[in-house]
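Mind looking over this structure? Questions follow.
Each chain carries a letter (A, B, C and D) given by its place in the written order, and its residues are counted from 1.
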């Protein structure tokens, strides 16, 4: 999940965020960017490529916090624009019903998801993306995978914290689990 | 639900369709065409206006049979193109999970849905429509309503067979039930 | 939504909770307790009756916070046991997919849901209840309504903050919206 | 999917069923029987063991046709009672929303599901089972597997026609995909 900390005035300072993270679950959204054909069938899944300071390569879904007084759909749009650029044209779902809820615990093993920094409750959505994606911020690149590639051990092992499991759940939801 | 009978060779003749309708449930798809804003929020619902031979005005969702060897998503696309025209640009859902299943019985009162011709099991989907809608065939017009108007008694009473209930279920699913 | 503040050591003090509520969205669960027949059809909806210090009567769904390091399903079970008693035998859903997400804003009108105390993001579930319900704590009583009664203006006007809308969404989801 | 042909008077004769199967999609329900703990977490998945006339061992979900004038929830109950016995106490879902729709085509490769006899559109549900299961009819036995075992290659290869994929989709939906 994104390491970016929002510091907009009126929201949490980094210190307050650290405190809150130790005391209560944090609301997150997660988006699985997909390309679809004319019939809505998923043809490609987009994963962000990140390279950590120690050189470790990892792949990630679009993910981030919901801010105070921000709607879930606005948080989805904001994080997609931040990670995919301003002309990605994401089609935010009309319904707030997520395909699943991923519960990231600071303790590994409670659920399939793990985040050492916090207890995050993430609402997960499939988001078709129609435009050009130009990753910004800490994302180096966005790579499109076929459903088969996305579910392969090679890609799965590059997705830490259980995001590989979440990706497979997304593939199952759209009927593309190999 | 549509009265149109497909007679493509290899499928059912009208006589065979009548026989089948008396003996087994028929698979249908139903689509609720919507306009959405940038955040995916539904702003308008599109209803087909029909005028029966006796002059009765009614409003309808996009609806029709799934044919033999046709995928649900292809049936959705076909009926949307048939009713809304070739440049409506419907965004067929990536997931086959419908927001509900409407069971139309030939006997009124078993469920909220009623179809005197048949027992139809209809998979219902919300379908954002991005392009221009130019109704064809037996539909006279497509009229866009706000969620408040769509749920109003005036519109509800013009939707026979329980499609008004299905429309309210769609509004509930997208968080727009007044 | 419940006014009860959990003060278990290690979680938030009332002062810290107030601070957090002013700064970030709070994760909630909401449960619609239902009675079902053998075929799973909903026959009754259970609503908590509350009488405020000023004598105002209100009806409420089961609702409460998810605590730090608590799974959503454990929070559901805890709040159902707290409000319905120890022998209610609630059947917590196998899937974490909620039927909707209700976003309560401190500012009225942003969404259909309003909570003057906080921005709450509530995951909403239908929960069949098989046993005896013996409300505890601040709930005076649990009253079972038919779907028709639950959607009636009389009951709806006794459900503040948009919980009446959420109840209608639940009825729509189980195919019981009148 | 079940080979059992219902011949109740008033429905289809075997000959008529064969004709219908060649001409139109057939409505099916499929149930994934599960054991859940107090918090609703799935602990075991029940699979029917079948031995074909040629000695081939296969495992199957509960599956069968929806009859004319039969509700989906009644079809679910009927097939569960037929396959698991009269005291299995299945908890049929309150909502008609399936977790997915599996489209079985007579031609392999169109979808992940294949049925040489017919085009079946199957509404798939997770069904917690609380009582004793005593398989009847052509099922030899019901065996309970852990989620890990159910998703293993060993079990998957014993599930023909794509039911192994459907089982993995069910595991994904309940958050138990390994």
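The rule we apply is simple: a residue touches a chain if its C-beta (ideal position, glycine included) is under 8 Å from a C-beta of that chain, and two chains touch if they have at least 3 such contacts.
Only a predicted model underlies this, so the values are computations on that prediction, with no experimental measurement involved.
**Q** Please state whether C-D or B-C has more C-beta contact pairs across its interface.
**A** C-D
**Q** Report same or different for the chain A and chain B interface, where same means the shared residue numbers exceed half of all residue numbers found there.
**A** Since more than half of the residue numbers are used by both chains, the interface counts as same.
**Q** Counting in whole Å, what is the centre-to-centre distance of chain A and chain C, each centre being its mean C-alpha position?
**A** Chain centroid spacing, chain A to chain C, equals 28 Å.
**Q** Can you work out the whole-Å distance between the CA centroids of chain B and chain C?
**A** Averaging C-alpha atoms per chain gives centres 33 Å apart.
**Q** Using the touch rule from the top of the page, what residues of chain D touch 2 or more other chains?
**A** In chain D, 71, 95-97, 99-100, 111, 173, 175 touch at least two other chains.
**Q** Tell me, which parts of chain C touch chain D in their complex?
**A** Per the stated touch rule, the residues are 34, 36, 38-42, 71, 73-74, 76-77, 91-97, 99, 126, 128, 173-175.
**Q** Could you pull out which chain A residues touch chain D in their complex?
**A** 100, 111-112, 165, 168-169, 171-173, 175, 177
**Q** Where on chain C does chain A make contact in their complex?
**A** 11-12, 16, 20, 22-27, 66-72, 95-101, 103, 105-107, 110-111, 119, 121, 123
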